[in-house]
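Below are two complexes that have chain A in common, paired first with chain B and then with chain C.
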Partner chain A sequence: MNFKHKYVFLFPGLFVLIGILIFPIIFVVRLSLSGWNSYNGLNFIGLENYIRLFTDDPRFWQSFFRLSFLSVTTVVLQYVIGFALAHMVWKDIKFQRFFRVLFLIPMMTTPVIMTVIWRTFFHESLGPVNDILSNFGMSPKWLTDPTLAKITVIIVEVWQWTPFMFLLLLAGLLSLPKEPFLAAAIDGASPVRKFIYVTFPLMAPISIGAIIIRLIEASKIMDTVYVLTSGGPGTSTETSSFYIFIKGLREFQMGYAASMSFTYLIIMIISLTFIAKGLTKLLLKD
Partner chain B sequence: MKIIKTCLSAAISSVLIFSPMAYADKWSDQFPHIKATGDIAGDCSYEEISKKNYKGKTLKINTHAVPVIGQPTALHAEQFAKLTGAKVDVTHTPAGDLYAKAMVPFKAGQAPYDIVFGFSNFINDWRQYLAPVPKKYMNSTEMKDVTKSHVGVSSWDGTMYQYPVDGDRHYLKYRKDVIDNPEMQKKYKADTGKTLKVPTTWKEYGEMAKYFNGWDWDGDGEKEYGSAEVMKKDDLMFAAFFSRSVAYAKNPRTPGGFFFDLETMKPNINNPGFVEALGDWVEATKYVPPGGINFGLGDEIGSFGGGQTLFSFSWDDAFIAAMQDDSPIKNKVGAAPLPGADKVWNRVSGKWENQYNQAPYIVWGWAVGVAKKSKVQEMAFDYLCFFSNGANHQADLAIGNFGVNPFKNSDFDPQLYINTMGWDADIANSYTKTLNDMEKSKNRVFPLRVRGVFEFTSAVATGTSKALAGQLSPQEALDEVAKEWEAIVNRVGKKNVQEDYAVGVKMEDNKL
Partner chain C sequence: MGKLYKFLKYSFITIWTVFVVAPFLWALTTSFKDFNSVNGGATYIPWVDFEPKLEGWKVLIKSPANGGVDIIEPYFNSLFVTCTASLISIVLGTLSAYALSRFTFKAGFVKNNDITFFFISQRIMPPIVLSIPFFLFLGAIDLLDSLIGLIVVYIVLLMPIAVWIMVDFFNKVPREIDETALIDGCNPYQAFFKVVLPNSIPGLIVAGMFCIIFGWIDFFFAFILTFTEVQLLPVKIVALNSSITPWWSLSASALVSVAPLIVVAFIVERYLSKGNLSGAIK
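Moving on to the complex of A and B:
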């Protein structure tokens, strides 16, 4: 058999890769060098869009820092809650299977629909949350106060995606070897010590993977913001992806939106690489 | 000649209003939507459309989300399919995405939809991709009833690209049972020393709204509030802001541009007139229902239409919702022109003029066109003609959240509302008078219709929402908008924007 024949078998996969990954990236780069909008075509304007982005668009950078805050906060909360829930049903408890399925339900629901339901819950004059809280003399402005609106977005994101973290961490816990736990038990280690010195270190590799996967997903927060607050009040919940959406698909500044998308992609690749390295250093000391 | 025209117009109106009986039994049995009038004779009546055979053909429509305009689109699609045998696919899209949903394929040279719905101010960006309305439909019975201003709204340079299905303006809606109530008037006078009446200035509007905010003034056991307004970012809030601005910034003595100075193309958006209006609007956040600064159009309709607030202003829909048979406040609401102001900014002298000013804001409304690349253009135009035929139009007008509002001469006859919708005569009269007076006003403001219009309105939405959220002061917010507008003008090209804007200015200056 000719050795070169093996390349023939690579072509189908290669074509798919070019079609769905390489071509769109190249097209976005080309688009970002154009002024494509409702009144211009795919003309070539060089680096004009990038110059505008780096010198004259503080809103993009504000939305980026807002996104960083939202994604780091939600992922940390998801990790802590997800780990706690996974740890709880990892042990032999009553109704273990029921809880395992119950905790996964939020992830199985459609995010946009769930966000609409959350929006109804948090509706300040018609929603049930304020209806209950008003009995105690409280009526928080869940969606119209700049700080509370961010917290509302965090609550919805944590509710929706903690099950994903739970699933990964539970799979990790179930695959841990039993010997270290037996040794710790023989040494008389308390449950807290067992968790700190055995469970947590053994879970470090899977924790890093879970956090990075969730950070990648969380950095694309879009549907929650779109449905819940439209980036408001003002621009207080506007994230990078929502801002790019406004510029590209609302205002139809396709060229400029492409330059923001590409810049955003580069920033995300670099920052996630550093975060992954940092977490590895922190959690995998040995 | 004028008398003949008036008589002819009255005759056509009477025929359109009172001719239902001819087909009433036959068609309203099958289509209960038109039970109030039955079919109304015309080129696109049920009778005429039923003679068409579009079996085996598919019509694809992109429209707004349900209910506003999305619901009548779907309903008439279903009726059209039943009558002609056509297959009609309706896609529903949120308001903010209608523009791009059509523009992306237009730009790529495709036509995934035969019919695209949007706002009438998209006309300049869309017209090159839309098929002009054929003569046959221009001469139809239905089209002859459309008001002159709405024929103009749907056209560019004398060619009609958008098929008229709706006509909109912003006006004031108020709770008649409160404002006209002698007991409330006495109480208001005793508490504030002022007279309770239909507000004629925004300051009066604010004072009354604040007074009637947060207590149960209609005795239904629930708290009511001052005003329901469209304040949600990107949900047509820019139009609500312009409604509040016209009183302070549209000066009949300074022609040559409301949004820009047509000569220099310098934005007027941050002049003291607009800043005063934004200051009032920020103040309004104190008398809207809880969560009111997140209200979109649907929320506003539900809030005022459901009896939650004393005032509202914007499109007809909230008023119609309040006047529906199932409304708790049917025949308890009134219509009046938008409030004015006791001073108006003179951008030429750079000074306030201390005299009363009021300016109607003709927002126009939903617009719809047929894609130039559509392969079923005739069927598409038949559908649109059917959509707005006499029977459908009158039935749609009666449903608040349908988003279909008066744009035909026959719509301004109060008898239509009294006879077919059960309105009290004085309410029907005040409603049609309010709309009619706006048509006649010489100090009207029309929406911006320039290339890249969405960039301009999006900048206004972002700036004003920052002010409403307390992130920036009104002056800072509008300075930011003006800076953005200047950048957009530079990007689009000053001459291009100037050329487009001149058409609107001509209309505002009563030269067209």
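Moving on to the complex of A and C:
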């Protein structure tokens, strides 16, 4: 093939992406080393922001661990439920198309808008959940109790994003080769054994991909929290993104927020790499 | 298959179906309520539990001057931004994906896979990291609070998705078809546009659907980068939430905003059944 043409195909996309991103990224790094106020603009203060972050800001680290907890829990739940659902509508079921479309729908809906609906759904005195539970003498405070608020966020995230996991896993199931299943059927393997020894190992690479993709997206949780609880009660549902948002765009400590976002990005890249490696080791034993 | 397994399977599917449908049904009934039937506690069945009113729906088409919400303009803003950004991302992403799938690139230690990873890795970037520089950057070039500014930002969000899906798709399109076209005397561009592209329509549709989904559901950037001149639908609806919360118009507008994407669910399912998505996630 001619060697010059390839650049004509590659470069427009690559350069547009780099062009849009390069200044913001350089700017985040520069800003993170600066103090910021409206009359002086940027003034260089070296690593001061980072020193503050690492020695004097437990709230950031708390929000980070909360985020890790929330995203790992939701992704695990999504994986288990998503896999179960995908396996169930994979073959021989009535109304197959209907269920497949239905199970996909939540991921097509705008998270914030559905969260607004969920907020009315979990409303303590006027919502249907507590209306039903009140028959049993219970009225949980879904949005104002620190522990329950976390659970509510998890419920909403699972509702919203299990369909994505379902989609990726069902696509994977549909692409599996037929021969191993025929072999298992000839050997007379029970459904459980067939799942453990045939389906699951064949799905391992796809599972890893799907989990990583969902972890990346889950670590961005912010919209849901913002609408559902605004990080509250107190800081009990505050995630890293939301804390950075408060510091940067509410209190306008831009320099400090930039240093937090840069640190956060580095931690995310490192931990996702480790998780990807760990999962590969765990699920792909050979 | 055991009866127990079947029983568990259908119970699980039923429970999940109820869970998926519940918020939609709740929104649908709420949209026909008025002040009294909302504040009297939860009610479910129209005519039995409460007297249905069209208030929530009427408000949507009234102008703000008459106490309406006017979601029509935000609706078209959202449509315009999502479609434009998706289109640009698909065009640029498809070209790059084709290059990455068919040619070999080498610049020092950077190879094809590294370039592909560079594209896809933009999804790892937490929106908050970009939001502050984008806020200042768009402010500096006077594109804050404008449709063009949002489109620029959405291209960053959507192009990785397009590249991700299309690289895998092109890898599955046999190389022989472009080679045959080249032997027949096409130049590389003709080979791409006349032969490869027509064979890639399922991939383009899937990539397009994903771009539209992820563009349409974004709230964060629209929330930070626009204020009054330009409003996108999610921002508008969430703003309703912060005022005295008229649940009925909130529910009606939520349903209106969710509706177009239901069509997308059907399209995605159709192409999923044909096995076109499978390569994209490995």
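In this section, the second predicted complex is superposed on the first by the 269 of 286 C-alpha atoms of A that agree within 3 Å, B and C clash if a C-alpha of one lies under 4 Å from a C-alpha of the other, contacts with A are read in each partner's own complex, and residues count from 1 in each chain.
By our rule, contacts are C-beta pairs under 8 Å (C-beta built on N, C-alpha and C of every residue); 3 or more make two chains touch, one makes a residue touch a chain.
Values in this document were obtained by computation on a predicted structure and should not be read as measured data.
A.B. asks: On the A-aligned overlay, A:249 touches which partner chain: chain B = first, chain C = second, or both, or neither?
C.D. replies: Both partners.
A.B. asks: More residues of chain A are touched by which chain, chain B or chain C?
C.D. replies: Partner touching more chain A residues in the overlay: C.
A.B. asks: So, does A:219 touch the first partner chain B, the second partner chain C, both, or neither?
C.D. replies: Second partner only.
A.B. asks: What is the contact status of A:271 with respect to chain B (first) and chain C (second): first, second, both, or neither?
C.D. replies: neither
A.B. asks: Applying the touch criterion given at the start, work out whether A:236 contacts chain B, chain C, both or neither, answering first, second, both or neither.
C.D. replies: first
A.B. asks: I'd like to know which partner A:43 touches here: chain B for first, chain C for second, both or neither.
C.D. replies: Touch partners of A:43: none, neither chain B nor chain C.
A.B. asks: Pick one for A:125: touches chain B only (first), chain C only (second), both, or neither.
C.D. replies: After superposition on chain A, A:125 lies in contact with both partners, chain B and chain C.
A.B. asks: In the superposed view, which residues of chain A touch chain B and also chain C?
C.D. replies: 125-126, 130, 248-249
A.B. asks: Can you check the complex and tell me which residues of chain A touch chain B?
C.D. replies: Listed in rising order, the residues of chain A that touch chain B are 35-39, 41, 56, 59, 123-126, 130, 139, 141-144, 146, 229-236, 246, 248-253.
A.B. asks: Help me check something: in the complex, which residues belonging to chain A touch chain C?
C.D. replies: Against chain C, chain A makes touches at 1-2, 5-10, 12-14, 16-17, 20-21, 23-25, 27-28, 31, 81, 84-85, 88-89, 93, 97, 99-114, 116-121, 125-128, 130-131, 159, 167-168, 170-172, 174-175, 191, 205-206, 209-210, 213, 216-217, 219-220, 222-223, 227, 240-241, 244-245, 248-249, 254, 257-258, 261-262, 264-265, 268-269, 272.
A.B. asks: In the complex formed with chain A, which residues of chain C make contact?
C.D. replies: Within the complex, chain C touches chain A at residues 1-2, 5, 9, 12-13, 16-17, 19-23, 26-27, 30, 38-39, 41-42, 44, 92-93, 95-96, 98-100, 102-103, 105, 115, 119, 122-137, 152-153, 155-156, 159, 163, 182, 187-189, 192, 213, 216-217, 219-220, 224, 233-234, 237-238, 240-241, 245, 247, 250-251, 254, 257-258, 261-262, 264-266, 268-269, 272-273, 275, 277-282.
A.B. asks: Report the residues of chain B in contact with chain A in the complex, numbered from low to high.
C.D. replies: Touch list, chain B to chain A: 96-97, 99-100, 103-104, 107, 125, 232-235, 289-294, 308, 451-452, 454-455, 458, 462, 465-472, 487, 491-492, 496.
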